[in-house]
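Note that chain A is present in both complexes that follow, paired respectively with chain B and with chain C.
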Partner chain A sequence: MPSRKEKYKTVAYYPGCALEGTAQPYNTSTKAIAKELNLALNEIDNWNCCGAMEVKNIDPEIQTYLSSRVLSLAKHETKQDVVMAPCNGCYHNLKKAEYDLEHKQKSRDVVQKISKKAEHPAYEVGEVETIHALDWIKFGYGEEELKAKIKGGLKGLKVANYYGCMYTRPRHIFPEKDQGGDSESTSKPHYMDDLLEIAGAVNVDFAMKTACCGGAHTLSDSDMSTKLVLNILQAAEAAGAEVIATECPTCHSGLEMHQIRALKRLSKQTNVKVIYFTQLLGMAMGLGTREVGLHENVSDSVNFMYDKGIV
Partner chain B sequence: MAIHEKNLIRPENIKTHDNLVIDGVDVSGHWSTFIESRVVTDYNEALEEEISALPGGEYIHRCWQCGSCTNSCTVNAVNPDFNPRYWIYLIRMGMEDELLRDKEIIWQCVSCNKCTYACPRDVAPEGVMKATAHWLELKGHTEASNSTIFDTEFTRQVVATGKIEDGRILKNFLKKSGQPLVQDWLIQMVSKMLKNMPFKFLFHLGWATLFAPKTKNWDKARSAIEEHIAEEKAEQRTALGLND
Partner chain C sequence: MRNFAQLEAALEPELAPIEPVQAATFLLHVGEEALENWLMAKDRKPTDQLREGFRILALHRQGAKGDPSFNACRETARELVYHYNLVRLEPDHTETASRLHMMQLLARHLVFFIGGKLQEAGLGEFCCAAKPVRLNSN
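Presenting the complex of A and B:
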């Protein structure tokens, strides 16, 4: 068995729709880190949307098909055994497709039927392994090696690590989690904490790591989302955080949007910054704000990072 | 005597009489407070079967009413009327009228999956909430919710092109759900983006409006997906007895 370090060194890269839209800085910073750490990202050519929660709600098997097409491309076109998705939504859906194809006959039937009509090989269970950007850095590069890469570091920046819903729930689609040892925990995830601690952050004790931002209804039930986000922002500030580190485009843009909306509609101001963990890692390695796309965030933290002496 | 736990009793079932004499005893005022008993006569015995026939509702029969779903629920913490355990109970009992009292809030499930995580019986309550919300719309008890309008617009774009473009989704959603395109928070977000990266932002907006992102050679996948969705929809309508 090859080690994860060998397996994850070169991966099929699946950015997904969000990273080409509102979450461009997540894409920019992920690519910048790959370059810095000499990890190869082979972007899957001609990928499609993973189906997200929205298509699942309309027809769950179509969501499985859409994700399975991406997995099939990773295997047969990009010719990789590992696909890395930084977006929690994409990561979640590829995992869900893998689970459904293993356990549900109907999912297998629909994927076979549509793949045949669309004239590409139907994805078979186990052909590729789906990982998150957190797994990729933690195991593909290695924590000891990462320590040596930190230049300047985050200088004790107080960070609340926010993982969101889709990285750990529902548990059954993540069979590799909760296995003890260095596996991820679904109740108290810590991979992002681990990496940012190495980068020189002080991780605050944050109770809302896997709370919901209401991202599914960020536009269709905005008042609900604003309340849920405000709760997260206030809890982070109460825990002493200066920054909320994110790993999900839906959470990230939800926090940014509803931080503004909470001020406009509820007159509740919060000042905690919202920054992708890849941006924080990149800056800790000595990359500039432009190289990690910090100026593209709505949550304006460029001057803040200068004031902190981090960049 | 004051009625404790009055919040559990519906106001219309609490009866008092200003002037009432029973067997020569004056029981006017709150002495005469009665709670009208509830008689349920209109069970819909097919209700559980109908919800089970919709995607997400398949495992509702496993529920043993422990309440872990409601206890862990994100939306329940904001609105105590949002009660998945109770709705699952009503569906399994066939108490349709009771369920319909909450028809305007069931769609508000945010799919955080805390319930599915907590459920000891693998009911997947998140799926049951989605199935129930769809059932309400298919049966004509509610209009399409904002959530459904959003999902439909999103799916329409994915099926048509293989990808979505978020600016277009936002614009079409606000239009289709009858909301103004100009929102105070949106103006502030856009002005913040313009301040930090005016050229790139405007370029992106213009580019995405002219050329929606597309997956190449998507036509065959598109028609196969459309065909499948149409078949599924027809099956669902049959299961709900809606075919005329």
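Presenting the complex of A and C:
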């Protein structure tokens, strides 16, 4: 049986819609890291929406189908056994589709029916493994090997690692987590902490690692989202963090935008920077700010990284 | 039982003049009251039982029954308990003030999250913003 290092060396890449839009810097930095670490990303041709938002509310089975199509393409078109999704929403939905197809006959029936109509092979449970970008780097490249790739490092940068809600919840769709050993924890996730510590960051004790960012309220009740985000930003600062590291486009854009909104609407200023963990890793490996797309973040942290002597 | 606006207001003042364990107990109770509000809104009688020695954890578990998305605030409640324990066990610790400040932020997060979730049931459930927006536009 191949090791995770062998399996994750070449993966089907599913960026999802966020990484082509608001989270473009996450896409840029993920690809830059892949190149630097000599990990192959084979982007799935003709991928579709995972069913993230609207579809799930209208018909959860259609959402399962949409995610299953991505998994089917990864297997049958991209010819890979592993699909890597950096977006928490996509990652969550592919995992959920896997779970639903294993446990619900109705989901299997709908996927069979629509796949037949769409003239592509219906996805079968277990054909591919869905992983997050954190798994991909931690196991596909390896922590010891990563240590050797760190050039300048993050020079003791104080980081609060923010995972958001979709990376670990609901617990039942992540059967590989909470298994002890080197598995991820759903209550106290630590993979991002592990990688950034290797990169030279000092991880602060952050009490809101998985607290709700109010992403679901952004459109319907923006003030509530602003309050929730402000609370997270203040908690990170109270814990001594200079940067909040993110691994979810929804959380990231919410933190960035509501940080500005909190100042405008509530006159509450916070100075903590919001940076994707892939950007931090890339800079620790010696990549420039443009190579990791730092200048594209809403939260301007280019000068800050220069001031810290990291780039 | 105070409503959410009253709970939010109760979390505004500085806690410094209050004795640390008293302040920590006060903040834990704010979290409990937020959960009581949730249960009462769902026509359920808030439990008086304890879970792992804490009523707030029993209340959260009761609140999440039949509504898995409510678990989005589980770790917030647990962190509140964790910081309460730190303050209670080491009230004279040099970090007590920062621990109480963190408890204040955690209690506030519970109040915001639960208050928000009573307005929009989808909070804590991935990407549900579209639902109320769609319903409002119809």
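What we mean here is this: the second predicted complex is superposed on the first by the 310 of 311 C-alpha atoms of A that agree within 3 Å, B and C clash if a C-alpha of one lies under 4 Å from a C-alpha of the other, contacts with A are read in each partner's own complex, and residues count from 1 in each chain.
One rule holds in what follows: contacts are C-beta pairs under 8 Å (C-beta built on N, C-alpha and C of every residue); 3 or more make two chains touch, one makes a residue touch a chain.
Computed from a predicted model, the values in this text were never measured in an experiment.
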Three-chain arrangement built on chain A, chain B and chain C clash or fit: clash
Which of chain B and chain C A:275 touches, first, second, both or neither: neither
Partner chain(s) touched by A:217 [first = chain B, second = chain C, both, neither]: both
Which superposed partner A:48 touches (first chain B, second chain C, both, neither): first
Touched partner set for A:239, first chain B, second chain C, both or neither: second
Chain B versus chain C as contact partner of A:208, first or second or both or neither: second
Which of chain B and chain C A:65 touches, first, second, both or neither: first
First, second, both or neither for A:227, with chain B first and chain C second: both
Which of chain B and chain C A:73 touches, first, second, both or neither: neither
Which partner reaches more residues of chain A (counting touched residues only), chain B or chain C: B
First, second, both or neither for A:18, with chain B first and chain C second: first
Doubly contacted residues of chain A, that is, touched by chain B and again by chain C: 52-54, 57, 165, 169-170, 211-212, 214-217, 219-221, 224, 227-228
Complex interface listing, chain A residues touching chain B: 17-18, 20-22, 46-49, 51-55, 57-62, 65-66, 69, 110, 113-114, 117-119, 165, 168-171, 186, 211-212, 214-217, 219-221, 224-225, 227-228, 256-257, 260-261, 264-265, 295-296, 298, 300, 302
In the complex, chain A residues that touch chain C: 52-54, 56-57, 89, 92-93, 165-166, 169-170, 187, 207-212, 214-221, 224, 227-228, 231-232, 234-235, 238-239, 250
Contact set on chain B toward chain A in their complex: 55-56, 74-75, 78, 108, 110-114, 116-117, 124, 126, 130, 145-152, 154-155, 158-159, 162-167, 170, 173-174, 177, 184-185, 188-189, 192-193, 195-197, 200, 208, 213, 215-218, 220-221, 223-225, 228-229, 232
Residues of chain C that touch chain A when the two form their complex: 68, 71-76, 78-79, 82-83, 98, 101-102, 105-106, 108-109, 112-113, 115-116, 119-120, 122-134, 136
